[in-house]
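Each chain gets a letter, A, B, C, D, E and F, in the order it is written, and its residues are counted from 1.
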Amino acid sequence: MKSIVIKIGGHILSSTAFERLLHEYNNIIRELISKGFKAYIVVGGGEYARRLISVARSLGATEAFCDEIGIWVSRLNANLMVAALKDLAYPRVPQSYEELKDLITRPEKVIVCGGLQPGQSTTAVAALISELTSSPLIIATDVDGVYSSDPKLDPTAKRIEELSYQDLAQLLYHGAALAGTFKLFDQVSLKIIERSRIVVQVVNGGVPQNVLRAALGMRVGSIIKPTKN
Amino acid sequence: MKSIVIKIGGHILSSTAFERLLHEYNNIIRELISKGFKAYIVVGGGEYARRLISVARSLGATEAFCDEIGIWVSRLNANLMVAALKDLAYPRVPQSYEELKDLITRPEKVIVCGGLQPGQSTTAVAALISELTSSPLIIATDVDGVYSSDPKLDPTAKRIEELSYQDLAQLLYHGAALAGTFKLFDQVSLKIIERSRIVVQVVNGGVPQNVLRAALGMRVGSIIKPTKN
Amino acid sequence: MKSIVIKIGGHILSSTAFERLLHEYNNIIRELISKGFKAYIVVGGGEYARRLISVARSLGATEAFCDEIGIWVSRLNANLMVAALKDLAYPRVPQSYEELKDLITRPEKVIVCGGLQPGQSTTAVAALISELTSSPLIIATDVDGVYSSDPKLDPTAKRIEELSYQDLAQLLYHGAALAGTFKLFDQVSLKIIERSRIVVQVVNGGVPQNVLRAALGMRVGSIIKPTKN
Amino acid sequence: MKSIVIKIGGHILSSTAFERLLHEYNNIIRELISKGFKAYIVVGGGEYARRLISVARSLGATEAFCDEIGIWVSRLNANLMVAALKDLAYPRVPQSYEELKDLITRPEKVIVCGGLQPGQSTTAVAALISELTSSPLIIATDVDGVYSSDPKLDPTAKRIEELSYQDLAQLLYHGAALAGTFKLFDQVSLKIIERSRIVVQVVNGGVPQNVLRAALGMRVGSIIKPTKN
Amino acid sequence: MKSIVIKIGGHILSSTAFERLLHEYNNIIRELISKGFKAYIVVGGGEYARRLISVARSLGATEAFCDEIGIWVSRLNANLMVAALKDLAYPRVPQSYEELKDLITRPEKVIVCGGLQPGQSTTAVAALISELTSSPLIIATDVDGVYSSDPKLDPTAKRIEELSYQDLAQLLYHGAALAGTFKLFDQVSLKIIERSRIVVQVVNGGVPQNVLRAALGMRVGSIIKPTKN
Amino acid sequence: MKSIVIKIGGHILSSTAFERLLHEYNNIIRELISKGFKAYIVVGGGEYARRLISVARSLGATEAFCDEIGIWVSRLNANLMVAALKDLAYPRVPQSYEELKDLITRPEKVIVCGGLQPGQSTTAVAALISELTSSPLIIATDVDGVYSSDPKLDPTAKRIEELSYQDLAQLLYHGAALAGTFKLFDQVSLKIIERSRIVVQVVNGGVPQNVLRAALGMRVGSIIKPTKN
């Protein structure tokens, strides 16, 4: 059985079109299931998470607790995705690695989760599920791939169609200097996809059809893999 | 040791002033603690809960799942209250009755929770804590007491300063006909405060100082108790 | 797949014939399964619960703790039902809503539960499962339907063959004045069956065959549904 | 701080006088606490457990499940003891070794538990708590000590005032031949008290005052200890 | 469906050949599965457990905590067995009876566990699983059966091909005098296999093929059963 | 109250002197407690973890599962530390972030933990506790500080007495090229100490006295802090 992990950026669910997008994701996940896929979905926290984190920080919360606030928002978003998928989804969003691992052994339902733990991004959660289930990873975000620099800030930024893990590491190291403006990936996610040689596709998730196409092996967005052709 | 349960309506945390209100609640809770009180706080879901529930319903979710969405928002709000209270609060929002009961046995921290279970309002959770801890209950909401009819719809509505449980039951029975527009209380909350003869004060929570005054025994808003004077 | 929720009153399991009744329920549940049903069973606390609650109350326990005593008895009864159903039943009686919801996703076994939480009847638990699983609800009790007044007290009481939710609400409101002597239903159960438009049949559970007939769509006892024919 | 583990036989709570006995146990535990003791109480299943186990067995349950039925009854009994002790007791009866161990670290409350796991008697649970907390063990049962043979069957049975672990082992080995009629102790309990050299007093629990006297070091019933004087 | 419980002594996994043995156990378990078996595996703590227990004891730990150290080693060994079985095994080693019982209801995977609780051997855990699942039990140890005395100490020791539970009890009673040098079985395990009439085969687990042959009903090692032929 | 987090490398507990070292750590922790400190201890997996991980990998386990094997060893080590600390330590090693957070609110005992989750080092766990409790962090390892390159490989390596987070990041970036031979720190730990400005001391843990001296503010090993003097 083919399996796929899909990370959906929280900003997608924060957009004004989020209700329509939830509907469309429901449709493409159903199509994937009907084609014999087993799907795992990880949802991020997005704009609302960032706003509440900033409130919590101004109230004097520790950074670990701020991370927890973000995790709660991602779980709330994950529950909306569960509502969209109806009977297709397992109706509980797992709250720990152990719970997640337990659900992975039950083959009948789509598992939807948000964040698990402070100090760990939802992308890292998605990479961990890819590792546990030997599945490729699709990252549905608000740009249409990995760029040479932040395309929102730099008009000369170019989309890179294929990257090795080493290429991604280089981008991240330099991106790190940009103080958080360019963060599709964090170091943990990178380490996991590298050590387990996970193939990753980065696509524009505002058009859910891109996720379907990527899952079916079509070329869309950027691909990250052990070595470039 | 005096103890008090405070239910804070989620709409208060949905207002544009919520950051300032969180600060003020932090201040009055600290004052209560310094006066020797043990405080339990229950936070509702408010406007954001209602909006997401309506999305979930339109996506086809069961009513039980819609309740769960509301519960998640109330827990998120409860976490923001924890952030505001800092070291004063127990850092985990309980997710079940058993967890809640366990925390109640630990005297050192303020416990903050949201909803627990579908089919049960956050007001019922607050009433249950009052029952378990033999504490009076303060309901901080967006009107300044119990009215003879909905003050937002009926200009002749009058605030009732004192009510017996029987009076409240009468209001609720007739209020039920108003299709959900007048719902400080539900039947479970009523049953619990009645069977355990809990004294309840309903105050305008948009002015946190009202909660402090009510806790200290001053007359503010409406009071519900076994028999009228 | 057809599914059905069966609430079995604890008084049935408190009768001297309870061992025979457990055998008979085993038989009818097996018959339902063989006809393609998925069954959920909720067992009440009955006479033994009422007796221990009265002891706990006289010892000074809070009402919430008295509810817990009743819940423990209902769980003990549920375990006896599990013993009767043998390999047909999931061997653990769930103790919380989350546990219950998790079991509902596992299609292979009959789930048997008792009460979940203080302030919530076992009938409300059954209504919640009906809501979560979109199943009709059969209430197996010690009278053969819903009556115009308490048939044990009022010789003129008449059985009502069909009720709308509104009819039931009227009965409950007046029944409430009878101080707890007439309580097939509580307000939470009513709210849940109403909001999710659950069809309920009330039958005499002392004759398990009635439950089978009701599940198979035959007319037995009283039926509660959105509108009367 | 002195600490003590008290095993109260379930038959005591099954007697018609159980309400009075719960009251008296409340009194003597309060007296022990006021004298500076930390108390742990384990309650057995008694007659009601034996009756339901026999029903479960006749329904075809496995022996492990029959043990579980007995454990549920012991937990129900433990909850009644919690009700009797009111605010003195931790309000949740632990259901696993991990839960029990966690509660043991909280010094403020009396912990009351029933059985934990199939294949393990409530006496073994009590011995395990003695071992974890380095406390002597009092077994409150329906005879007034350890006898040379079963005093209910053998008129020549003599009470033995002092026994070594080796003496107890001899009695148990021969008692084993008596097919379960003589079972204050099982092999696991014996092994635990022996390996950790726990001093055990066996007293008639139908007179709660005996438990108090034993805890205070007075000679009552039989004593089991590493070596006889 | 045929089912089988296999207890693998921890000393087998402590040997220098443990990596090869894990490979071979993987092979024979796969063969059993392919022949339609459902398999449950319990792994002991072995030499490493004994060494760490002795360190913990010298540091002043209670015997209950020493048991826990042994349990942790058995769980670590169980995880290595999970690694060896790969996708064949459920990926979490259960840590309590409730977790174990839950996993037993999921038919798809091999369940691997270590110890559960102080005062209970891993052999008793295996016997409990046999009882819950009505399966025969194979004990894979470092001798090739049950002997009349300890074959490592007594050159006249003879292997006994068939034993009744009564015979085993006699051996254990006398073996007990040998201060722990002869302990395939403890009293709890004996009680469980006797009350549920479980057939047990004791084989040399250093040759995994013996386990396969025993599971397939061939005569190997010693057999323990209700009555001798 | 002063608080301190101590990360003890697993290699220390893998050395032949580990029994003596456990004794010494017990002594210095007692001394810290007597001086008014609250201590949190995180123990690594060390040599034994690395050996079993290599076995698991050769058996075909996923990298996530290999991480789990390492975590189990670190928990076993943590239990030995608990045994050494006796009544000073909370007797359960937490297995998840939520459990850890819960224990942190209980002021009476030293908390000892190992790893929590795949993809996260025990150093990151220690940094997280520092963040949650606003405590400095001491890393007790097998070298006496941070070096300009790996002192075991490069004879010209120099110990750096003071580093800023930026300095450490530079070292890590270049160290990363050394293929895992130089790994006191990982990226997650670095991110956490940086965002919460945690002061870290790296000392030779083979001499437990160093940990005491570092906790008391003496200069020993290397110090990492927001800015160099």
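To be clear about the criterion, a contact is a pair of C-beta atoms (placed from the backbone, for glycine too) under 8 Å apart; a residue touches a chain by one contact, two chains touch by 3 or more.
Worth saying up front: this structure is predicted, and the values here are computed from it rather than measured.
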| item | value |
| --- | --- |
| Set of chains whose contacts include both chain D and chain B | C, F |
| Chain whose Cα centroid lies at the greatest distance from that of chain D | A |
| Chain pair, A-E or C-D, that carries the greater number of C-beta contacts | C-D |
| Farthest chain (mean CA position) relative to chain E | B |
| Distance between the centres, which are taken as Cα means, of chain F and chain A, whole angstrom | 30 |
| Distance between the centres, which are taken as Cα means, of chain E and chain C, whole angstrom | 44 |
| Whole-Å gap separating chain A and chain B, where each centre is the average of the chain's CA atoms | 36 |
| Mean-CA-position distance for chain E and chain B (Å) | 55 |
| Per-residue multi-chain contacts in chain B, two or more chains | 65, 91, 98, 106 |
| Pairs of chains, among all present, that meet the touch criterion | A-B, A-C, A-E, A-F, B-C, B-D, B-F, C-D, C-E, D-E, D-F, E-F |
| Chain C partner contacts - residues on chain E that touch it in the complex | 98, 101-102, 104-107 |
| Interfacial residue positions of chain F with respect to chain A in the complex | 62-65, 95-98, 116-120, 124, 127-128, 131-132, 134, 173, 186-188, 191-192, 195-196 |
| Of chain B, residues touching chain F in the complex | 90-92, 106, 108-109 |
| Of chain A, residues touching chain B in the complex | 18-19, 22-23, 26, 52, 55-56, 58-61, 65, 68-69, 72-73, 75-76, 79-80, 82-84, 86, 91 |
